[in-house]
Structure formats: structure tokens, C-alpha cells
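In what comes next, chain A is part of two complexes: it sits with chain B in the first one and with chain C in the second one.
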Partner chain A sequence: MKPNALLQLHPMTKFYFSLFILAVVLIVPGYWFAFSVFLGLVAISLLAGVFKEFIGIVLKALVSVLVIVFLMQIFFFPGEQVLWRWWIFEIKQEGVYYGLILTSRILAIGSAFVLFFRMTEVRDFVKSLEDKGMPPMGAYVVLSTLQIIPEMRRQANTIMEAQKTRGVETEGSLFVRAKAFIPTLTPLILSSIAGTEERALTLESRAFSAPVKKTSLHKLTKSRADRILPILFVLIILGLLVWRVVLWQTS
Partner chain B sequence: MKRSFKDDFSLMAMLLIPIGVAINIVGFQLTNVLRLPIFLDTIGTILVGVIAGPWVALLAGLITNLINAIFNPVYLPYALTSMAIGVGAGLLSKFGFFKNVPKTIISVIVITLIAVVVSAPITVLVFGGATGNTSSLITATFLASGQQLWTAVFSSSFIVEIADKVVSVLIVFFIVKGMSDRYLSKLKYGHLYMKRRNRS
Partner chain C sequence: MADIVIELQNVSYRYPVSDDYVLKDVSFTIEKGKFTAIIGNNASGKTTLCNAIRGFIPHFYKGDLEGIVRVGGKDTQETQLGQMAEQVGYVFQNPFIQVSGVKDNVFEEVAYGLENLGVPVDEIRLRVEEILKLVNIGHLRDKNPFELSGGQRQRVALASIIVMDPDILVIDEPTSQLDPVGTEQIFDIIRLMKERGKTIVLVEHKMDLIAEYADNLLVMSEGKLVMQGPVREVFGNPEYERYNIQYPHVTEVALQLQKSGMPLAFLPVKDSELAEALNLKGVVACD
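Take a look at the complex of A and B:
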């Protein structure tokens, strides 16, 4: 399989692209633009071959939020022009407009970040931050967090099963379920905290805090596109800002 | 004993961050499994603040929301809330506000206020008032009864946050009580919670 050119970009370039989308969407007025940015992101995800994961997360995480945000605006945004009325509910023109602006922006910015994490391995991103000057300790913390979460999730299940056998109820009324929370969480926290001492010993025995320059097995390279694209992003943003200011002064 | 800013980030403190973040995320998932109406997604941040200080907790809060945002970008703006809660918990701990139950209750109130004051503006400005969790329903009810948007969001998030923070802070209080002196002695504010101190 040929490596995908978009996925091969330096993580920082992809990150700048997400920030670029954020800035552009906030600068350009109107909802048509933000919705077309989203379509552009969908096209990028197709080209990068991450369409399935991308759209899955957008649908699962964002759409329900967008529906609620939109409903809130059309019913409760203060306005004069009433489009539709039923009992205490009123749909107003201004609310529909503001709702569309807000949802289109959240959709565009949110999916830009979803796309970023679909196209970038967290490992590569952390490495590129380290190259930018983040201490190696920070990189270790982020990566080990990602490892610990599934581990602790498994442990939480084990503890919950064990407490069930002891007779702690996890089904039933709200109060019964709430009571099951503490006997699951407390042992989980105390046991994982006890594990950090061993981790510290292991790391120190490998000179983790030694004040020397660390060498890394994992290397990232920058291509020509990685040097040109960030400059291009900045130029477009500056252009849009100038356009916005001119538009604002002539109106 | 004067400690510099850099000393806050000792190896033990840094190793506590992944645990704190994982507690936040696993705690939140447990509330989903048990179908509880609160989130309990700041237990780890508060815990880190109490024993390792405000700056370490700030990092823990930030990382929690960044990792949550990988799968749901709605969490991204609320990173500010998590960070503020972490700093708040750390400062409260510095002045001994987690030592006994009455003082802990004051901490609950302060942390709730921090959470509300930081998260409500985000909810209003970024999401227009609702993000689809438990408090959105309450917000909508307040709005339908004729309240202003800001008042509605502030009061609904206060109702949800106070329930959340009472449970979170009390869990932290009892967990810190259950920690061994050997472990506490290695962390910034650990000496405040060691049992031996009372004997001498």
C-alpha cells in the first residue's frame, strides 16, 4: 500500500491546520461558510482514508449536542419575528439564524479537532511537542496516561465484580446504585496509587530524571509541504482579517 | 521550608497525574455504568490538587479534558473548568481546608462556585446555553418559566455542580484519609494529612 501523503504530514502541520480552521470559521461570518468548511473536512477525511472513524465520532459525539444547541436557540433566543407558535413554544426568525451560526461553527471546529486526532497518532503529536521544547517528562505523563486508562478500566470492572460477589448491589434504585460507587472507586484509587511508587523506582533505576539530553528512537521528519503550509495558513488568516476589517469599515 | 515552583513537579507528583486523569475518566464511566445522574469526573483532579498542589492539578485537569476531547470535542473548552478546579483544590489544601469534615464542607462550596463561575460562561458563549447533559433540561425549564439565559444557566449548573462536588470532595477526603503515611510523605501537601503528626 502506498503511504498516504496527508497522513505523512508532520503532526505540527496537521495541528496548525486545526487551529487554522478554528480561526477561519470565527473570522468569516454566516453559516454557509462554516457548513462548507465541514464538507471540506469530510473531503479531507476521504482523501486521508479515515472517513469511517471520522464520521462515526462526529455523528456519535457532536450531532446530539448540535440538535440540543439548535433547539435551545430556536425556542429561547430573544427575537421579534415569530415563525411558529404552539402552547408556550415560539420559534423565532432570529433564533433560527443564531442557532444555525452557532451549530455550524461548533460542527466545523469540533470536527476539525476530531479529524486531527483521526489523522495523527497521539504518540507522534507528543513527540512533535517534545521537539518544540516540552520537557520529556511531559511526554511520558501523557503517554503513560493513555496506557493507564484502559488498564484501570479493566481493574474497575474486576473490583465491581468482586464487590458484587460480596453482596454489594449494583442494580436497583438510585440510592442503591450510588452506594455501589464508593466500594468500587476507593480500592481502585488506593491500589493504583500504591503502584506509582514502584513505577518511580523503575524509572529512576533507568536514570529518568538525570539532567542530560535524552535520545529518542522515534524520529519525525519535516517535508517541504510542512514548511510551506503553516506560512500559507498564516497568510490566509491575515488576508481574511484584512478583508473583514475593510468590509466592516465600508458597511 | 521554602520550596520553589519547580519542586512541585517532582517525579512522584508527575506520576500521580496519569492516575488522577484515569480516576477522572474511569469515575465518569462508572457513573454511566451505574446510571447515576451526576458525572464525578473531577475526583482525580481534586485528589491531585489536595496532595500534590495546585499546579500539578492544573496539568491533570488539562490532560483529562484533552484526552476526553479526542473522542468528544465538546470537552475541549471545559478544560478551563478542570484547570480552575485543580488550582482551587490545591490552594484550599494549602490552607488546610481538607483536614476535617466541617472544613471540607467549606471546600465543597468553594469548589462548586469555581466550577459554576468558570463553566457557565463557556456553556453560554460557546454552546449558547445547553450541551445536552443533565443540566440542559433544568436550564430549559428555567428558560421556559421566563428567566434570563445567564441566570438560567448559572442556576442550573449550580444545582448539578453542587451535587457532583459534594460527592467528589467527600470521596477525596476519605481517600486521602486512607492513604499511607509512607506515600503521603513524598508529596507536597502530604504532611498535612499524615496520621503520625497528631501523636507527637
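Take a look at the complex of A and C:
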């Protein structure tokens, strides 16, 4: 696989980019802009080769939220210009406008962060936070949780299988599955609590609390782009702010 | 007098929740470079003794500790836990818990301790490479530590500790999940560590291998250190029979023969000594 220049950016650069999108979308008025930002993000996901996962998560996680938010706004946002009325429901011009603004912004900001996590290994992100001074214990907690979740899922499956052999119904509707799943929680949680004591000892035996500065095999490098881009982001944001202020004063 | 690196004086210990003492008035010394095996039946306190040597008692497990534990001349009660990692390597009995949980391949898993010790990266790579080869897990280097078999985990756990190059190795049943070939390999590694001057404390039930490799024995029974001394002396002492602990196979056979009237030149503890012990010099011994 050819390494992708976008994916190879430093995690912090990608993170700053998400914050940059957040700021820009909030500064620039109008939903057209926010929607085009979203299209821009889609383009970036294509370039970075993560389009499929990106759009999948956006559709699954964001769209339903957006629809709800939008409906809430068009029906309940106070306004005068009624576009459409049925029984006690009425849609107002202001509601539509505000709904579009809100949803377009949520879409742009939300997808900026989805894109961030699609383009960045959490491991790398945590490492960059650690480089920035996050305590090793914090980093450990995040990383071990990430590792343990699939492990717990595996354990849960084993327990479910065991239940199945005892004749407990584990397939079917959501309700049936929930009923089968809940009893597995107790052993799962108990075993992970028992695990923490032993894990602490394991860490100790691997010199986790040795009073020296740790080194790391995993090195994050900063390229020229990683140095230039954050400055660029700040400059653009400043420019936009100035533009907004000027616009506001002349109007 | 030789260098004493581990010294216990009248050590008694009780876990916070247990009613009875798990270690009862245990005293012994271990000299630098010696290979000492702790033997005893289940729940006799072997693992607890290891925890005391490593300082997990009293720093991690609270409870009542009496007596003095000195490692490298220092009282463990006054040493910080973090400072002992470099000095005492401890391989746990349960291979399934000895995964850092933050590394997704075996190479990095083994390297983890060295990262924590602040060893420069280039040196880490060299040392890990060497140990992977030594412990014979080179082929696992890219595998996820969570997806290994018990035996594989046991090797990774051992590798992760010896790579840190501690002066003292405390190893609790490192071969429980291993087949005979794997077990021999582990003992070979332990022997090599001894040749490198490490002090070794090993808990193990496989008496044949202990007789072959260890210098001294500590025999635990119900929390008491009931016998101690050079391997041959302990196995040769009639008192040993009382504790219902296994003998090396060859010793067992020889004792049976002796009971049925066959005279022994001496009590064999290693397979290779059987013929000589039975005064059958010149006859080929098969096993």
C-alpha cells in the first residue's frame, strides 16, 4: 500500500484541522458555506482513501440526529412567516432557515471529527498527547481500554455461546438478545475488576512506575506541512474574524 | 562469605482477608548467582513468598507483615516499588494476566519494560531482537499478545522480563502451560541466565528438572519453610518423605529398589546417575 500523504500528517495537525473547521463554520454565516465545507471534507476523505468508512459513520451516526434537529427547528422555532400549516403544526420560514443553519453546522463539525478519527490511529493521537505532556497513566488508561474492548467482546461472545448451549435464547429480536446479554454482564464486569489488580502488578513488573523518563519505540515525526498548516489555520481564522468585524461595522 | 542478595528473617505474613498466616516465620538467605528452587504442594505459600521477595508484599498487598525482607542489602519495606523493577524481574504464575494491554504485537510487548526504563530506542531494538531469538518466539513478533496460546504467552512473559536484564529473577511456575519440549527450552534459558550470573528463584513442580539444574531447595509446607539446603541433601533427607511432595522420578525408583532390599551406592537425583548408584557401572542406562 502506498503511504498516503494526508494520513501521514502528524495527529496534532489533523486535530488542529478539525478545530479549524469548527471555528470556520461558526464564523462564516449561512448554511451554503457549511454544506460546502462538508463537501470539502468528503473530498478529503476520498483523497485520504477513507471515504467508505467516513461516509458510513456519517450516515449512521449523524443523519438521524440531523433529521431530528431539523424537524424540531422547523416546527418549534418561533417566527412569523408561516409556510405551511396542518392542525396544530405549522412550519415557519425562520424555522427552516435556522434549522438549515444548525444542521449544516452540526454536519460539518461532526464530520470533521469523524474524519479525524478515520484518518488518525487513536494510538498515534494518544502518543501525541503524551508528547504534549499528558501523564503516562492517562495514556495507559485510554490505550488499554481500547485494547480491552475487543477482548471483552470476545469474552462476552464466549459467555453467550455457553448460554446458548444451555438452551438460553440468544438470537432474534432486540429484546431477546438484550435478555440474553444482560446476565453476561456480571461475570464480565467481575472478571475485569479482578483483572485490574493483576494488571497493576503486571505493569509494576514491567517497570511502569520506574522513576525515570520513558522512551518510546513509537516516534511521531513532524514534516514541513505539519509546521506550516497550523500557522495557516490560525491566519485564516484571524482573517475571517477581521472580515466579520469589518462587515459588521460597515453594515 | 559470599554475597547475600536475598535475605528473609523471621518473616510471617497474612493477607488482609485471610484468617491464618500464609507465611509462618520464614528465614533463609540466597547467595548471588545461585539457582534456588521453591517447592511445595498447592497453597503452601510459594507464590506468596515470591510476592514478598519482589516487594509486592507489603507495597501492593497490605495485610500483616512481620520480620525483615532484604533484597540487595536493602529492606524492601523501605524501597519504593518502582525502584525494584530493574533489580528483581518477576514472572507470574498466570500467563494470561501478563500482557501490558497497550501493545498490539509481541515485539512491542517485549519492548514495553525497556521503554519504561528509559532505554534508548536503538538499544531496545537490539535487545528485543536478541531475546526473541533466545526465547524462540521470533515467529510471533507481529502477533497480537491477546491472541496467543497459554504456552506462547508464557514465553512472551518470560521474554518480557529477562529482556530487562534484572540481577535477580523470580519465576513462578513458568512451564505450567508448556509441553515437554517447551519446558526443556525454558530450563535451558534459565540455565543460560544462571551462566550470566543472575540469581534465580524458581517455583516449579517438575522435580526431575529441578534436580538437574537447581543448586538449592526451599521446601514449603503450609506456610512454613520446612527444609532448605543443597538439592541432593534435601532429597536425600528421610524427613522429605513426610511432606508428600514428589521426588525426582529416578530418586523415587531408587528408593523403591532400596526398600525391596537393593543396596544403593548413593541416592541418585539425576537420571544419569542411576546406573552408578546401583553399582551397575558399564551397563547402559535407558530411560
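Please note the rule applied: the second predicted complex is superposed on the first by the 220 of 251 C-alpha atoms of A that agree within 3 Å, B and C clash if a C-alpha of one lies under 4 Å from a C-alpha of the other, contacts with A are read in each partner's own complex, and residues count from 1 in each chain.
Here is the rule we go by: a contact is a pair of C-beta atoms (placed from the backbone, for glycine too) under 8 Å apart; a residue touches a chain by one contact, two chains touch by 3 or more.
Note that the structure is a prediction, hence the values are computed from the model and not measured.
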{"item": "Contacts of A:Arg199 with chain B and chain C, given as first, second, both or neither", "value": "both"}
{"item": "Chain A residues touched - chain C or chain B, whichever exceeds", "value": "B"}
{"item": "Touching partner for A:Leu174 - first (chain B), second (chain C), both, neither", "value": "first"}
{"item": "A:Met152 touches, of chain B and chain C: first, second, both or neither?", "value": "first"}
{"item": "Which superposed partner A:Val212 touches (first chain B, second chain C, both, neither)", "value": "second"}
{"item": "Which superposed partner A:Ile57 touches (first chain B, second chain C, both, neither)", "value": "first"}
{"item": "Intersection of chain A interface sets (partners chain B, chain C)", "value": "140, 144, 147-148, 151, 195, 199-200, 203-204, 208-209"}
{"item": "Contact set on chain B toward chain A in their complex", "value": "9, 11-12, 14-19, 21-23, 25-27, 29-31, 33-37, 40, 43, 47, 59, 63, 67, 69-74, 76, 126-132, 136, 139-140, 143-144, 149, 167, 171, 174-175, 178-179, 183, 186"}
{"item": "Interface residues, chain C side, partner chain A - complex", "value": "54, 56, 60, 80-83, 85-86, 89-92, 94, 97-102, 104, 108, 111-121, 124-125, 146, 160-161, 164"}
{"item": "Residues of chain A touching chain C in the complex", "value": "123, 140, 143-144, 147-148, 150-151, 195, 198-219"}
{"item": "Interface residues, chain A side, partner chain B - complex", "value": "57, 61-62, 64-65, 67-69, 72-73, 75-77, 88, 98-99, 102, 106, 109-111, 113-114, 117, 122, 137, 140-142, 144-149, 151-153, 156, 160, 170, 174, 177-178, 180-182, 184-186, 188-190, 192-197, 199-200, 203-204, 208-209"}
